[in-house]
Amino acid sequence: MSLILPLLAAVPLLGAIAAVLAPRAGKGIGLGVAIVLLAALAVLVGGLNTPVVLPLGGWEPPLGIALRVDGLAAAFLGLAAVVMTGVLIAAPYRGAGREAAAFWPLALLLWGALNAIFLSRDLFNLYVGLELLTLAAVALAALSGSAGALAAAIRYMVFALMGSLLFLLGVALTYAAHGALDLAALPGRNPQPTDALAAGLMTAGLLVKTALFPFHAWLAPAHSGAPAPASAMLSALVPKASFYILLRLWFEALPDLGRPGFLWLMGALGTAAILYGGVMALRQARLKLVIAYSTVAQIGYLFLVFPLAGGGGAAQPWAAGAWTGVVFHALAHGLAKAAMFLCAGLWLAAAGNDRIEALRGAARATPMAVFAFALAAISLMGLPPSGGFTAKYLMVTSAFAAGAPYWALGPLLGGLLAAAYLYRPIAAAFAPVEPELRPVPRGQQAVPLALALGAIVLGLASAPPFDLLQIGRPEAAARGVE
Amino acid sequence: MTLAFDLVLCAMIVGAAICAAVAGTIFAAAVFFIVYGIFVSLAWLRLDAFDVALAEAAMGAGLTGILLLRALGRMPASEDRPGPALAPALAGAGLALALGWAFLALPESAGLGPVVRNAAPGAGAENPVTAVLLAFRAWDTLLETIVLLAALLGVWALSRDEAWGLPPGLPQRVRPDGVLAGFGRILPPIGAVVGVYLVWAGTSRPGGAFQGGTVLAAVALLVSMAGLAQAPRVTSGALRLVLVAGPLVFLGMAFIGAVLSLWQPGAAFLALPEAHAKSLILGIELMLTLSIAVTLAALVAGPPEDRA
Amino acid sequence: MNVTVLGLCGALLVGIGVFAFLWQRHLLRRVLAFNVIGSGIFLYLGAAGARGGAADPVPHALIITGIVVALSASALAVALVLAHLHASSATRLPEDEP
Amino acid sequence: MIEGPILPLLSLVWPLLLGVVASLPPMQARAISLLPLAPLPALAAAWAGVRGETVVPDLLLGAVLSAGAEGALLFGMTAVLWFAAGIYALVYLRDTRRPAVFAGFWCLTFAGNLGVFVAADVATFYVSFAAVSLAAYALVVADGTDEALRAGRIYLVLAVLGEACLLLGLILGAGAAGSLSLPEVRAALVGEPVAAVLLIVAFGVKVGLVPLHVWLPLAHPAAPTPASAVLSGAIVKAGVIGFILLVPEVPWLVPAGLATAFLGAVLGLTQRHPKAILGYSTVSQMGLIVALLGAGDAGPAAYHAMHHGLAKGALFLSVGLVAAAAGRWRWLALGTVALAAMSVAGVPLTGGALAKAAGKGALEPWAATAVTVSGATTTLILGWFLLCLARQPGKGRPSLLLTVPTLALALAAIVVPWWLWQGWTGLPADYPLHADTVWSSAWPVGLGLAVLALVALRPVSHVPAGDIVIWVERTVRDLRHWFLRTALERSGKVRAPRPRAGRAGVVAEVAERRLLRWGWSGTAMVLAALAIAGTLLG
Amino acid sequence: MTALLPLLILMTSAVPAVITFFLAEDSHRLRNTLNLAGAVLKLALIVFMLREVAAGTVYETRLNFAPGLYLLLRADALSLLFLTLSAFLWLLTTVYAIAYFEKEHDLSRFFGFFSLCVAATTGIALSGTLISFFIFYELLTLSTWPLVVHKQDDKSLAAGRSYLSYALPGSAVLLIAIIWLESATGPLEFAMPHPLGGLEEASLRAIFALFILGLGVKAALVPLHGWLPGAMAAPAPVSALLHAVAVVKAGAFGIVRVIYDVFGIGLVAQLGVGLPLAMLASVTIIWGSIRALQQTEVKKRLAFSTVSQVSYIILGAALAGPYAVIGGLVHLVHQGLMKITLFFCAGIYQERAGITRIEDLGGIGPRMPWTSVAFSLGAMGMIGLPPMAGFITKLYLGIGAIEAGAPWVVAVLAGSTLLNAAYFLPLLYRIWFLPGNEDLPVAPAPGLVVPAAVTAAAALGAGLFAGAAMSPLGWATLIVTREYMP
């Protein structure tokens, strides 16, 4: 087990370095890294029954940094591995041109940053991981070099840097107050008034990076401007990393700091994001913008964990609790959104533009891609048998169990809005006109189909992931944050 | 007495900062920013943080200043009307007040100073900061170098397709006998000596890979600006090897530690064997310095461009 | 006592930096303001670390790492601004155009 | 699987089998030849006396077949009448338009007709009643002429109305009785006035009570002769058995019946077509029977119905006979018609007289006199019928198959009542021969003849058959026209894709543009940090 | 073995569905044999199970998702009623569809979703808990949408959109109801009676209303029936499947499950929600018939007739008397048999004789005798004329209504019978008695006529031999005596 964690942390970085050295072999290196990591994860998940801690360099936490894997980390690592494998297979970059030489190393760096964040237990280390993630993401967003993409990348960078600074400020305050950066050491601290400010700053910073409702303006232009494989990574994984840190912060490091007002604010912003994202997605004419605003909406679901987590849920023996439901949603959304963006990429390449009207007749030209898009849509709408449904079910059950059914409004209305804005592309694909799309090889269509099927299987076989998530689940997740 | 000095210093720092923020023209803002950087280095000296002072002066003031000035050169001089001032002022003041209150409300805490000091010798470096950087929080430092690499890849990706393959930065045309050419011949040797010394001293006295690397980067920039040597092409294997040498060695050592840990209880990922920790740290620092120098130089030079 | 002065000076710098970061529309000025905030935070952290008598090396290491990260971010930002300038000959984001 | 005697079940199933055989391609051309075979098992059953209870648990809801005395009597009469009509049809319908379809429906109607008399549970009774009333539609429109279709349409509307009322009545009855067997339902219906009214309407349509009689004078002439014979003779009797089996004694039925009798006769005079006149005569005779039923003595009513069936069958068949006879044969045909007419009119010593006499016993005095007077009106209408019939042209020599059934029926109408007199009325055998009975049946006939002479000179003005139905038809047509115009099928207008999220969309768009600007979002960020810190301080 | 049987039955239609998706377009024979084999195997399994369940054994398969979210497939008497109907009609509809489409495009996609849709119906029938019911209920919506838009023309796309815009909100409401109920009582299994004490009466009524709203969309109760007539744009086998077997029945079946297995008759009576539901069903019956009267297209008229006929089932379920429930349940089968006959024939008329409007039906009877006979039998059954199956239902419903002390229901029944006659008899009248233009090309294929004839015969048989133990009526009586009125 002691070899798995280093592998997970270091191999993507090594891959990136190799890709810098040999730009032409980028895809080969990428697939090699994918195989190694998938194998490592298989072994990890197989053998994981209690959280595994690895103090780096042998130095115990207050001094050194520790890497830890529990159910939550394993789940997100798994999500990253599956999505990245799909994206690396689907990425069309060949040779050593400008884009190819940059895409492969940046993608692997992004993967490395994700793994570093999911494994790390140290606040400052999380900050450096977030920075690496942001730089790689901004570079990928600007990869196409078009005026729109560049402006979107700059705006993304400005928002993200402000987020990082706020987070750094919070970390500095925490260290200054308690002299400890490790997540495990923080719950034992003697509470200080400055902790409120520190937590507020950190949370605000992470909200921006997760693109929650009022701070989401950067996401849609950035994700729709980026090339398809890049926007798949950006939309499916990057916001999840900062949300992961929020989960760690609020359910492991500072569970006692939560106040009803704060929880209610998070829930309200989450519900607002669901409705706002849905309405905006309805208004878009370009498919990638529809999917990007769908991300804004789906991210709103995640923040329902604050008002719902615990509450009365623990009282019902069978209630899995919102915490697991939200994680399920993050996983299902990751898979579905990656599949959708890859499909959008296929159609953009085949039709020349990504307006929804260009999709007319796609059902005949690219049947597998339309089927994949439909499966992903089913998961986003939260219809059975998809992972999205399991998540929605767990969340709505917790809402009712917690005696706060109004929190169930978000997921339910979100499901209907998702049905509304995802219906248009699917219906266009079924339009009777002869498709003017250039034929797309079935091999390329297989990747999004696999990812979309992943989202559905997450629903069908939801027992194993559910049990995985219980390993090392912070008990605050059951008892509630206050 | 020292309080008066501190107050004056802080006044100078805040004044420079305000000028940099609200200066009429961008050039003035850049110049004030460099001055502000120097003052902040002085402040670090007051806090007995010599490594940080060096870093702030070299990177904070120096390199960032060059970046801004170089970018200014390419910008049209457009007068600039910023947006509404009320909301930003509110936000800034609020944050400053909150931080000020928090600073005063902070409890007395010794932090990790004593713990680090008595563990540093074991880690192979007397200078506690280097010990923290290269031993205790080695993972942070490793990620940091990767961040540098990522930034460079991002910068190179922003070149235009037709310019891909050219050396990084703008081709320089300089008069062979001019002042710049003169400086180009005199300063580099001094800079090289200072840089290597900084890295060597890093293990016991203030200094270290980053500060040394920055000085060497400055030397490299001076040489290429003076047109004395042509930077290698972006796609050249040698350049790329040097770029990744530091992190590669660092990761290699880390992995060896991980593999050893399978049958040796002492070893671990990122752990340097006790016996010759000092020499290993020095070796890693040298390789890091090399990579950091070239990366910083390329970063400041900017993406390859085919014409002025 | 002087550590407190430097700490408050750090807080003030952060305030000024944030004001400039939000107020300025010119992208280069925003990068400058970003660096001011960064150095302000580091000063604040350094001063906090130095309150307990002997200087605490850990903040120093963090600050050095922070400075390097800030530099690489600034470098990428400046390169982006220049590319944006070349692509759409504007020193401001489209939404900030008057 | 089936308990009890097989014959009744066989007599029902056998015609159905024949119907299926008739529709098979090879038999289609010669389907009409099967018609006389249909009633054979029924005749055997009637001859052996329909006794005992057969239960078929799997059929419908556990079918139970057991006939009461009246049922058996009418069962026999129906079998005889359908047999005669079957033979008659062999010649008359040889070149009909669609033999297979006609034969199929003929057998189905016959099976229903028999079923009605032997059914003892609600489901079987209702199935048979529906079969007899709805399948008869095909017989009515067999000729395919326009007025046949119009008559058929009116017949169908009223038949369906009757069906619905019957279903309703049966449901209410079965619900009240909590079981499906007819006797129990009848017992339970005593306390259910609503159900009783519904059933009266249902059987009233079949029997032709006054407001509901409009289909009869239209349907009978339109149908081919053998069909109208069975229609008037046997199918109408389904209503009678319905009254007997289900409707409890309802005092106001007597006046209603009598009114129908007199009105029917009078309206008959307004007709020119002999079959139409016969139709009205059936309405009037049925009125009499209903009156008897209203008084509660089912026996004489059934007895009278049996006689009327045979006689009316003979009369209808004779119409066809007269049309196909010329010269010498014509007088023979007219002779048989006169014979049957006298029996119906109740000329002394004929079956009709016996039937009337048997019925009078149970009625109050005023009703009894009314019955005797009705004899006059019947004579009047039948006389008028004979006159109109005589005017019909006739040619050629009637084949034996036409004359024998008609003659047989006429004789049966006269003789059978004598034969059954003893069993049914309980009056002394020689009662009909008493002077007063003879007189009480003779003077009405005389009066009738006198009035007939008067009418023959100045016939009553012609009223189109079906009288009030014309007015009803017109109102229905206007109603339908209005109904369709107002609620013209709202074509499912294809909704234009919703304007994209309407007002909420516009608000969101404005908010999006505002949030895109860094000044606003950045400030929001910092203030959010402070706000969150504030919430956590509390 | 007993644990696997329900799953096996579900697989007999799910597995062919998945395989068919990947078959090449032109492998017609392989695809047809695959689907037919699946259908026959399923029918065989069900017949075997009929005997077993009649004898009292109960089959259960339990698949665990997250705790509190598990899939339970349970074959009790009620599920077998619906299962037998859907399996029998699926086999016939497959034969019909094979002949109907012959050589058209996208057939793999069609038959894939076709079998998936029936798998979903099987799941609905077999589901043992509310959540598994909901999962299959949703799967049904998703698998029927591609069928409705199969022709991919604007009309069917619009129909697809209106179908989803009704179905999805409906299912959202249903999910709320399920979770609201289960949040108080824990996971609900249909088998064990469980006191719904956790919630007070007001919220129980609200939950019941939500259930009816959610299930009412598919059961086409009046305000929620808008999507059904539009769905006529789909090809004939689909509208046959949709109306007679799968979608509409799922809603009615769900309501029966909710009333009898979730709330229980006692509670329904105590809450006093039975009567309003019966009234709503009656309004639907009358309104559906009136709207049917106004239609000028054959399939539209049949669609509205479905709207009214399905509410018989709900009416039966709402009136708590034993007769009424038997009437309601048996109508589930009867309506299926009769309505699918009508749709088969309408499909034949449309496809083979180009008749869509009622006016064009003139004189088609003699020229397409077998189809027209089947159509007439179906129509007569709908009107409730004996000896067709419809009569049995009306009789039982009527008697049940009186027992339940709601005589006005009998008036509703009578009114609807008259209205049925009013909008079906003109059709029969045109078919048989009006002259049509003879030169119209008419080519009925045996593959189309045979299924229609079989279902017509079944409908006649269900009526004629209703007394038999294994007839739909017999089985319905078994259900009621065994489970609901012990």
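Chains: A, B, C, D and E, in written order; residue numbering restarts at 1 for each.
The rule is simple: a contact is a pair of C-beta atoms (placed from the backbone, for glycine too) under 8 Å apart; a residue touches a chain by one contact, two chains touch by 3 or more.
As the structure is a computational prediction, the values presented were derived from the model and not from experiment.
Minimum number of contact steps separating subunit D from subunit E: 1.
Each chain's centre was taken as the mean of its CA atoms, and the one lying most distant from subunit A is D. This structure's chain pair with the greatest number of C-beta contacts is B-C. Set against the C-alpha centre of subunit E, every other chain centre is closer than that of B. The chain closest to the protein's centre is E, with centres computed as averages of CA atoms.
Rounded to a whole number, the gap between the C-alpha centres of subunit A and subunit C is 28 angstrom.
Between the CA-based centres of subunit B and subunit D the separation comes to 108 Å, rounded to the whole angstrom. The centroid of the Cα atoms in subunit A and the matching centroid in subunit D are 78 Å apart. Our note on geometry: subunit A versus subunit E, Cα centroid distance of 42 Å, whole angstroms.
Among the residues of subunit D, those touching two or more other chains are numbered 497, 516-519, 522-523, 526, 529-530, 533.
Counting partner chains per residue, subunit B has residues 83, 87-88, 91-92, 95, 98-99, 103, 106, 109-112, 116, 136-137, 140, 144, 147, 150-151, 154, 158, 160 touching two or more of them. The residues of subunit E that reach two or more other chains are 154, 161, listed in rising order. Under the contact rule defined at the top, the touching pairs of chains are A-B, A-C, A-D, A-E, B-C, B-D, C-D, D-E. Listed in rising order, the residues of subunit A touching subunit B in the complex are 2-3, 5-6, 9-10, 13-14, 16-17, 20-21, 23, 54-59, 62-65, 96-99, 101-102, 105-106, 109, 112, 116, 122, 124-125, 128-129, 131-132, 135-136, 138-139, 142-143, 145, 150, 169, 173, 175-179, 192-194, 197-198.
Those residues of subunit E whose C-beta lies close enough to touch subunit A in the complex are 64-69, 105-106, 109, 131, 134-136, 138-139, 141-142, 146, 149, 151-154, 157, 160-161, 164, 168-169, 171-172, 175-176, 179-180, 182-183, 186-187. Note for the complex: subunit B touches subunit C at residues 2-3, 6-7, 10, 13-14, 17-18, 20-22, 26, 29-30, 33, 36-37, 40, 43-44, 46-49, 51-52, 55-56, 59-60, 63-64, 67-68, 70-72, 74-76, 78, 80-83, 85, 87-89, 91-93, 95-97, 99-100, 103-104, 106, 108-114, 116-117, 120, 128-129, 131-133, 136-137, 140-141, 144, 147-148, 150-152, 154-155, 158, 160, 208, 210, 296, 299-300, 302-303.
Taken in their complex, subunit C has these residues touching subunit A: 14, 21, 27, 30, 34, 37-38, 41, 44-45, 48-49, 56, 58-59, 62, 65-66, 69, 72-73, 76-77, 80-81, 83-84, 87-88, 93-95. Of all residues in subunit D, those touching subunit C in their complex are 513, 516-519, 522-523, 526.
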